[in-house]
Each structure stands twice: as C-alpha cells, then as structure tokens.
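Both complexes shown next keep chain A, but they swap its partner, so chain B is in the first and chain C is in the second.
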Partner chain A sequence: MRKSKSMIVCFMTAAVITLLFMYVYPIIRTIIMSFFNVESVTASTSTWSLAGLKNYIDLYATSIFRTSMINILKIWLIGGIITMFFALLFAVILTSGVRFKNFFRAAIYLPNVISAVAMAAMWRYYVFNARFGFLNSFLELFGLDAVNWLDTGHIFGSMLVAYCFGSVGYFMLIFLSGIERIPSDIYEAAMIDGTNSFQKFRYITLPLLRGVFKTNLTFWSVSTLTFFVWTRMFSPTETENTTVVPVVYLYNVVFGSKGVTQVDAGRGAAIGVTLAVCMILIYAIMNRLIKDDDLEF
Partner chain B sequence: MSKRTHERINWKKEARLLPGYILLVAWVAFTAFILLWIIAASLSETNDIMRGEVWQNVFSGDFHFENYVSAWMSNNVSVYFANSLLYSIVGCVGTILISAPAAYVMSRFRFFLNKTIHLSFIVAMSVPAVMVILPLFSLASGLNLTNNRILYIILVICLRVPFSVIYLMNFFQNLSRAYEEAAAIDGCTPMKTFWKIMLPLVQPALITVTVFNFLSIWNEYFIAMIFVSGDAKTAVGVGLMNIVNSMTYSGDYGGLFAAVIIVFLPTFILYLFLSDKIINGVTAGGVKG
Partner chain C sequence: MKRKKMISLLMAAAMTVSLAACGGDGGTTASTAPSDSGSTETEQSAAPSTGVTLTYWSMWNSNEAQAQVIQEAVDAFTAETGIGVNIEWRGRDITTQITAALESETQIDLFDDDFQRVAEQYNDHLLDLTDLASSTGYEDKVQPLFMQIARDYSEGALYTIPYQIYTSGIVYSQDAFDAAGVDASTIDSWDGLIAACEALKEAGYTPFALDGGGSPRYMYSYILARLIGQDAVKELSLNGGWSQNEGARQAAEYIIQLRDNDYVLDPIGTYPEGEYTLGYDETAMIVLPDYVISEVIAGTGTEITWGFIPFPNLGGPEDETYANVGAQGFGIPAYTEHSEEAFQLIEWLTTGEWDQKLAEVSLHAPCDVSNTATGLVAQIQESISALTGYYDYQCGTNENPDIRLNTEVQTLFEGGYATADEFLAACDARY
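Here is the complex of A and B:
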C-alpha cells in the first residue's frame, strides 16, 4: 500500500499533542519541581529555588505522610488479599458449570460502572450507619449489640471492606477470561488420571494463571496507589490519621486544608514522584517474581 | 447453548455445585438488597429512614417524590447532571476524532517514532493523575483557565486518548488490506478511504470504546475537583460529594439517597443494556476503563 506522509502527519498530530500536553511535559515538570522549593503551585518558575533532596527528606520525616504510606500499604496488602481471594473464588465457581453464569458475572461486576462517590455514599450512609444501617440491623436480628462502624477504631476496616467489595468484579473478570483460555483437554487428561476438583485447581488452574495474576496485581497496585475518593467520603472533614492516604495528603499540602499550616507544591510533587517510583518498583519486582507464561496455548 | 437449557436438570451435579450457588446468591442478594433499600429510602421521609421503616413506608404506597424534586432543583443536581452530560458527550466524540485516525495510521504504516509513540501510549495509561495535575494546574491558572469548561473537556479527552488508541489499534490491525487496495484502484484517496471505508468497519469497537470513555468521564472525580470546582460548572461526582457533605449536616437523608440514585441511574441503565459488550471489552482489552 502506498504510504502517504501528509496523511500520517495529519492523523498523528492531535494524538501526539495530547501525549505531550497531558503526560510528557507535566511529568518532566513534576519531577523537576520536586527538587525545588515551590511554595504555591501557581508560582512562576522565577520564584523557584533549588532545594536538592530537601523536599524528600522533609516529607519522609513527616509523621502524617508516614502514616499515609502505612495506610496505603495496608490497603494494598490486606485489601489485595481479600479482593484477589474473592475474585479468584468467584471466577472458579463461575467456570465450574453453574447456571445463570452471565447474570452472576454481570451482577458482581456492576459496582465497577457506578460512580465511586455514589458507591461510597451507599456504604457510609446506609450499610455502616449506626442507627438504621444494614450491618446493625443484621446484628440486631441475632440479638447482638450495635457497633459504631465509623468510629476511630473501625473506620479504616469499614472503608477497606467497602472498597474491596466494589473491586472484586473487575479482577474476577480477568481471572475468568484467564481460566477460560486454559484448554479443556488438559482437564480431561487430569480427569482420566483421577484428580479431584481441588487437585485440578491447585495443580492445573493456579499454575496456568501466573500471567493473569501478574496482570491483576499490576492493576491492583495502580488503582490502590491513587486511592483517594473513598478516604474523602469516609473522612470528609476530619484530618485525623486513621484513613489518610498519600494522594489526600498531597491534595491538602498543595491546595490547602485545615490540617495543613502552609501550602507547599514542591513537597506535593515529591509525593507524586514517590508514588510513581513505588509503581515502577512494584512492576519491576512483579516481572522478576512472576515469569511470563512460557507455555503457549 | 439453547440445547443445554432444554436438558433435564442433573440434580447430582447441581448438588455438588451448591456451595458455589450459595456464595453467588448471597453476594448478589446483598448487592440487590442495598440498591433496593437505597431506592426505598430515596422515596421515604427522613423520619421514617431514621426509625428504620423504609420498607413499611414503601409497601404502604407512600412515595415521597419530593426528595427527588428537592435534590434535582434546589440542590443543583440538575446543573451537575447537565454538566456531566456535556463533558461526557463532547469528551467521547473528541476522543474518537483524535484516537481513531492515530490508531489507524499507527497500525497500518511504519514511520518515524511509531514504536516510541505506541509505547508512550501504553505507559500513559498507568500514569497516576497526581504526576500530571500540578504543572497543568499552574499552566491553567497562569492562563486564567481554572474553572473553565473547555479546558476540563480537553483534559478528559487527553486522559482517554491513550486507552482509546491502544484499544482501537487491535481492531484496525485485523482488517484486511484488500479494502484499501480496492479503494485505491477506484481512485479514492487514502484519507477518504479511512473516513468512508475503514472507520465504519470498526464500528463495534468504536461503540465499546465510547461506552468505556463515557463511564470513565461520567465517574471522573479527581480532575473535576481541581479544575472545575465551582458549583455551576462541576461534574456529578464532585457535586454529589458536596451534596452528601451538606446534607449530613442538614440531616436530610431522603434527599441524600435521592441524589445518590440520580447519579447512579445513567451508568446503571447503560449497563443494563450493554453489560455483555462492557464485560467482553474488559476481558478483551484487559484494561480498566
């Protein structure tokens, strides 16, 4: 086919501009900004002064930032285990030959198409409500005492459960398509050898899902590192540390809030870079630990 | 598939699957119960909600639609809704107009930096928004463009282009080159061939991408909060959070749940009709929409 230079230029220009405008320029400038003293995010570059690693050193010494990193680690690890467990469980159940598979699959995925703000509102103001909430009505049914799910001791766990509930569907779909790609003759051969369903899962399904696990863990890391809406919904006004996460701290430090005495955009940029480095590290470690499927099927 | 449903039910097999059914039904019933309760609460008076009597209220046929009226009119939901609709529609159209031509030439021709650009789009899909908003905000405020609808639309388009290009490339790659050759013989210019022949051929993929983009822009929160925070221009996500925060102080739970339902409905209805397309899109693309 004839190659038309003018056509390539015409068709690519707009897309390349979005790339430069939205990603290349801002990423480079954020990285540079993190090494400068920048008070206000709107300050012109002439007022910037070189700070070296000061933003990072100060940031890592700030207790609220450390708390936020520990919180995000908990969300990533505990939430990850819960979400992946249920996602894999439902994927296995749905491929075991149950009826109404498409209905169940669609119903479990549903929370993913709903605005996170609406989802969080449902959980915070109904499910966890101390007076008329779902959980306490449920406890009442069994004659148990009501629990305040949103007090300092419970709020982090409550938020995590609500977040995981909404996330399961997406990861279930990825596991599901992974399991469906495994050829059925492998299972048939195993059946002839007399394996039970647990053995089939442990020795066939699980090892063959390695690549899918890697995909899921990468997506899970990307979405938890930028955790934001749920904290804003569960602790809208409080600046207490129980639910704080890095992006919330970044927002407060750059755009100001009650708990922050002085805005500091340079520090905000350092938080952004820290999160991006975490993401790259997770990705690299994952690539090392989980080798891509060397099997072709 | 239809043949299977006419088969007799194999009770032994179904009994073996019982634990699986119980888990599935419990999970889905919980989801359905919450949604139904929220709908019932959105039609109840706050006093009834507080007493935990929404079911009694709804079954007695006592619907309080004024919750919706107050949420829609006096709490600005109509404004947020119209804004989000505008952002989503213009954003989706703009994204396709930019992504489809790029996806086409990237999948068809080899040219300078093609591989680099392709890789950049893949990386861009997982760049966290916090890495880009600070310079963009300072740029916007320097040009007096904060709280500006057009800038927000441009930002959401830029946000959706990488996913759309990568997703559409797969589909253009699978089209036969015979279409272009035949068009060239008939004297059709390459550009005209794209708009008249190639683009219509990937229509199913365009629909899937647009559905994902719509969901994503409708549910977008972080960038809207920073770039269009004003009450008159903000999107439903930010608006709903403002409503929720102010209503917990005023104690108007009926209005709160009505606002939640209004924001929830458009994407839910879309999902009712297109769930198969959406689910296939997720598994085919392997990319979060």
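Here is the complex of A and C:
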C-alpha cells in the first residue's frame, strides 16, 4: 500500500505542479491584473498601479467591446441552435440504420480534422468569393443575381455559416455516443406499444439525451467564447465592427494593432475575466435548467 | 515491481521531454560565425573574429525576399568585420514576443518591427541611439523625414532606425493609363481625378480597385485629411461630431460621386482579391501605401507597368507634399553589451550596397539618400524627397483605436447610405 502511494505521488506531482504553474497561477495573476493599470502582460508587478474597477468601467463603456459581446452572443445563440439542430439530426439519422453509416460519420466529422485557418480560407475563396465562388456560380445557374457574401451586410452571416459547418461533426459524434448508449429494449418496448419514429425521438431519445445536451452546450459555450481564428480570417487586416469578437478585441488591446501602439494588459485581463464569468454563468444556468440526474438507464 | 518502476521512470521522462518541447520559443535561426584564422579558401579574405556574436531577432520569415537579402548582407558583414550574427527569423509574431523578451532581458542585441511600434511601444526597454548615430554621421546619410518621424514618435529621442521606407498615394497601372490616354500629371485636383476616372471607364477599366481590408477607409481618410488637415481628422476621430463637420460631409459626397459613377470596384473585393484586380488589368488605380505593388505582383504574377503619384491637393491645409509614410525599424535593447556592433550592423543594412539591394527586392525607396533608383522606385523616391510633412496610418482616423469606422466607410462605398448625412449620422452613432 505504501508503495502504491509513492507511485501515486510520483505521477501526481508533475500533473499538480503543471496545473498550479500553467493554469492556477495565470488565472490568479490575470484576475489581479484586471484591477491594476498594467501596460504589458509580462510587466513587473513593481510597475503596476491600482486601478480598482476602472478597467471594467472603461471596458463596458467602450462601444466596440459592447459590439463584440453582441456578436459573440449571436454566434453562441444562433450558431448554437443551427449546430445543435444539425448535429442531433445527423446523429439520429446515422443511428436509424442508414447504410454507409461509417462513411457518413467520417465525412461529417472530416471538417474537424482540418485546421480552422484552412477551412476559413476555403470558405472565403471557394464558396463565398463574389467572382468565382461556388455560391454565386450556383445562383447563376438559376439566372439569379450574384451576391457579395463578404460585404458588410453579409460577412457576419457567412462567417457564422462556415463556423457552424465546421462544428457540426464534433457535436454529432457526442450525440451519437449518447444515442447509442440508450438501451435498445426501451425502443423495442415502445415499438410494441405502437409508437412511431417521431414519438420515439420525442419521448425516449430527447429526454435521455439531457445529460449529453448539457455536455454539448458546455463545449459549445467554451469554443464560442474563445472564438478568434474565424474573425481573423474573415477580417484579416482591420478589425471590423461586423465580425469583431471579445478575444480579437482582447488581442488588439494587449498587443496593439496596425497603426495603434497603445497597449493595455489591465484592460485585456478585464476582458478575460469577463469572459470567464460569462462561462461560469452559462454553466450555472444550464445546470439549473437541465437536470439529468432524475433518469437512470 | 522493477518493471513498474522502469515504466514509471520512462513515463516521467517522456512527460518531462514533452513539457520541455512545449517550452520551445519558435522561429528559425541562421548563424553566421566569423572565421578563426582564415583557414578555408572562402574565408581567406574574411576579417578575424572579434569574439562578438550578435543576436538579431528579425520580423521577416526566412523564405521572404527581404530575409534572403538580409542574410546575404549579414554574411558579408561578418566577413568584413569579424562580428558574428545569429539571426532568429521570428516573422510577424515578433509583435507578440518582443515585449516579454525585452522585459526578461533575453539575449537580443537588435531586432526589427514596424518602426512606429518600436519607437512608441517598446521604447522603455531600448537604447536612445542619438549618440551612436551622431558618432558616425548616420543621419546625414539617410532620408531626413524618416529620422524626424522616428524622433517625433519618442519626444525627440531616437529609439529606432527606419528602413524599408514607404509612402502612399495613388498607385496606378501605366498600361491602363496609356490605353485610356490619361496623363498622370493631370491628376492634381479633384476635377483632374474625375476626368481621369471618366477616361479610364470609357476605356473599359474600373478606375479604382478596393478591398475589404481597409482600403475604403484609407481612401476616405486621405480625402478627409486633404480637405481639413490631419489634426482636425484626429479631433473628429476622438470626439465625434461628424455630422457638423463640412469637410467630413464633402469627403462623403466625393465618395458618393465615385460610387454613383461606377468609378470604384463593385462589388468591393475581399482582401487581397480586390487589390489583385489591378494585376488582372481590370482596375487602374488604388489609394494605398506603395507596398501594395509587391502584394499584387506576388499574388497575380502580373507584368504590368506601374506608376505612382501623390494623392492630389484638394484645397485644404495640407497639399500633395503630405503623405502617410511608414517603415520597418531597428531597435537596440538598452541592456545589450554590444550596442556599437549592433548599430554597425544596422548602418551596414540601411545604407550603401545592401540598402540598395533591399530597395530593389521590395520595390521600396532606398533609405540612403546617395542610393539611386530607376523606374517606379525612382518615382516613389522622388515623391518621398518632396514630402514636407506626414500623415499617420489612416490619416488620423485611427486616433481613437476603439472607433475606427471601417464598417461605416465600407458601407458608404457599397451603397448602404444614400446620402452623406446618413453616413455621418451612422459615424456619430458610434460615439
């Protein structure tokens, strides 16, 4: 027993030290930094001066930050509905006995193994491009006018569609594993009782997937709150109101941007803390709304 | 049990190695060491080693044309002086790495980045180069305006040495102008510009290329600065009041005139495809810094003949001798023990033969005033020499970093605002 304890300590030490230095320390430092005037992320603490809540008050009064929060809320809500809908739809179809299930599963998951940078470039150049993109070629087939999918009126929607396309496969796999975990005898009993496919989905699959929904919504929230690459790819040179999100604004504030050399790590930390609080709130609300411990199977 | 211990040791070792690998600082390196005794044939003419090896963090990627010239220059520098140079090709990510490196006093003897950023953002950790520059008479050899700007950024101190200098204005296709019978020298007023646009349109060209990467705001900002001056633009950017400003209204009406007469690309291309329409011989002009030429050539492989003229005078306080200019800049950390050698290398790269070669590969004007250029670069060099003042990037509309109005200006070009008043009201709504 003593020997196994030493083994546990041996293995745990590296993990605990890593956790403390690479996660806990930066989190605590960031929280403290958000209450100070700090120019650069790595500035010595001797150069910090107390700002109190100023970083937060200034941040919330900044129109571009408010715009970025509205944008991320739209991505979370609208993108979440689209992604979860298609992920669940594909998961249900793939578990309904369709042929070539493995092929379709791999095909739908494929965008997740491609770098987000490559995916975004593909959408910009090959799908949305006004000159030779697939969408406009498709519209022209039916004699319809071409659309500039990347102008100020369309770019947000285009970015959202591309992002959701890349995300569906990942959440589909989680739904798939949740559906496959449901015992088949429940469905058999329901079938004997004369239920149709929709009723099976509505009264068996959906209720038994509540825990999986919670997991998926948590993962979706984490991934959308850290949304960065897609904005950088759709607005590569200048931060645009139409596509700006909090992490891109944070990056500009901390490292500066083209023609702007003022940096403010204190404000950047306030953005990071605000996003973390949003995530905790979302998680708490989900835990309250989605109870998954009242069903056992 | 022994086997378990062995496995646990191996796993711990693997974990340590993987963590160590995570700590790698990225970038590729190239080292040029001086010869010890001229022992090989190629090194016989090389200077003996001084025992000093400089560490240079470069903003270039090793496969870029500028990097290749810099590598050649550094090799020649080592052969000439006996000073070794270890170059770390950091690429544009240097912006996110250099502050931490300077604060932790990482061994760097010189580095480069955008020269405004070097002078304004990193200056707390940099050496004032005034004494080093005056000891070699450096400032007499290079474009004086850029040295003045470098000092303006740092309240008179000299924290950066500019190189790869650029200016901005109207970059045009000489082939398109020839086809339309347009003489570039006639574009010296708004009416001259409109007449050129009409001739180009009749010849089958869309006069102005645009992309969603900031060129619409760049064009609007240029017009606005020409009408009311950069200081007034900065005031607007900071405090708003667009609807009450006649210059802002006039600039918007100019844009509407361009838009409604089909003088600008429609639909506006994304970045960089919008610029590439110049290379495809579909558009004739663009208002941007001169580096757009290299981008279009690299992206399209075009062989068109290029031309460059300053943005015309529109009757405001600042005429065509004002332009938005910029550069890359070298900085030397205050803590380095080899500041003289680092400055020697900077001077080597930014004057004489190597400055000339850098200018040739990048199509920028040379820094060294004694270096000469031909063709397009000569036009750019002449334009720089004629400058009496300068605009910041985006001519003052970047003054408020939180309100840059990219979306509003692009929407104006796209036709989203029918009148100048609608546009100005949208700008004011951001404050």
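We adopt the following convention: the second predicted complex is superposed on the first by the 283 of 297 C-alpha atoms of A that agree within 3 Å, B and C clash if a C-alpha of one lies under 4 Å from a C-alpha of the other, contacts with A are read in each partner's own complex, and residues count from 1 in each chain.
Methods note: contacts are C-beta pairs under 8 Å (C-beta built on N, C-alpha and C of every residue); 3 or more make two chains touch, one makes a residue touch a chain.
The structure presented is a predicted model; accordingly, all values stated were derived computationally and were not measured.
Overlap between chain B and chain C is detected when the two structures are superposed via chain A. Once the two complexes are overlaid on the shared chain, A:Met233 sits against chain B while remaining clear of chain C. Greater residue coverage of chain A by touch, when chain B is weighed against chain C, goes to B.
Within the superposed three-chain model, A:Gln262 lies in touch with chain C and out of touch with chain B [touch as defined at top].
Of the two partner chains placed around the shared chain by superposition, chain B is the only one that A:Leu173 touches, whereas chain C remains out of contact. In the superposition on chain A, contact is made by A:Ser63 with chain C only, not with chain B.
Touch criterion met: A:Leu150 reaches chain C, while chain B stays clear of it.
Within the superposed three-chain model, A:Phe219 lies in touch with chain B and out of touch with chain C [touch as defined at top].
In the superposed model, A:Ala130 lies in contact with chain C only, and not with chain B. In the superposition on chain A, A:Asn241 makes contact with chain C only, while chain B stays out of contact range.
Shared-chain residue A:Leu19: touches chain B; no touch with chain C. When the two complexes are superposed via chain A, 96-104 is the only one of 42-50, 96-104, 114-122 or 258-266 in chain C with C-alpha atoms clashing against chain B. Comparing the two interfaces of chain A, the one with chain B and the one with chain C have residues 3, 7, 10-11, 14, 18, 41-44, 131, 236-237, 255 in common. Touching chain A in their complex are the following residues of chain B: 13-14, 17, 20-21, 23-24, 27-28, 31-35, 37-38, 41, 49-52, 54, 97-99, 101-102, 104-106, 108-109, 111, 117, 120-121, 124, 126-138, 141-142, 155, 157-159, 161-162, 165, 177, 180-181, 184, 190-191, 194, 215, 218-219, 221-222, 226, 236-237, 240-241, 244-245, 248, 253, 256-257, 260, 263-264, 267-268, 270-271, 275-276, 278-279, 282-283, 286, 288.
Listed in rising order, the residues of chain A touching chain B in the complex are 1-4, 7-8, 10-12, 14-16, 18-19, 21-27, 29-30, 33, 41-44, 89-90, 93-94, 96-99, 102, 104-111, 113-118, 121-122, 125-127, 131-132, 134, 137, 170, 173-174, 176-177, 215, 218-219, 222-223, 225-226, 228-229, 232-233, 236-237, 247, 250, 254-255, 265, 268-269, 271-273, 275-276, 279.
Taken together, the chain C residues at the contact with chain A in this complex read 1, 4, 8, 11-12, 15-16, 19, 95-96, 99-100, 103-104, 116-117, 120-121, 212-214, 217, 267-271, 273, 392-394, 398, 401-404, 406-407, 410-411, 414, 416, 430-431. Those residues of chain A that touch chain C in the shared complex are 3, 7, 10-11, 14, 18, 40-44, 62-65, 124, 129-131, 148, 150-153, 155, 235-242, 252, 255-263.
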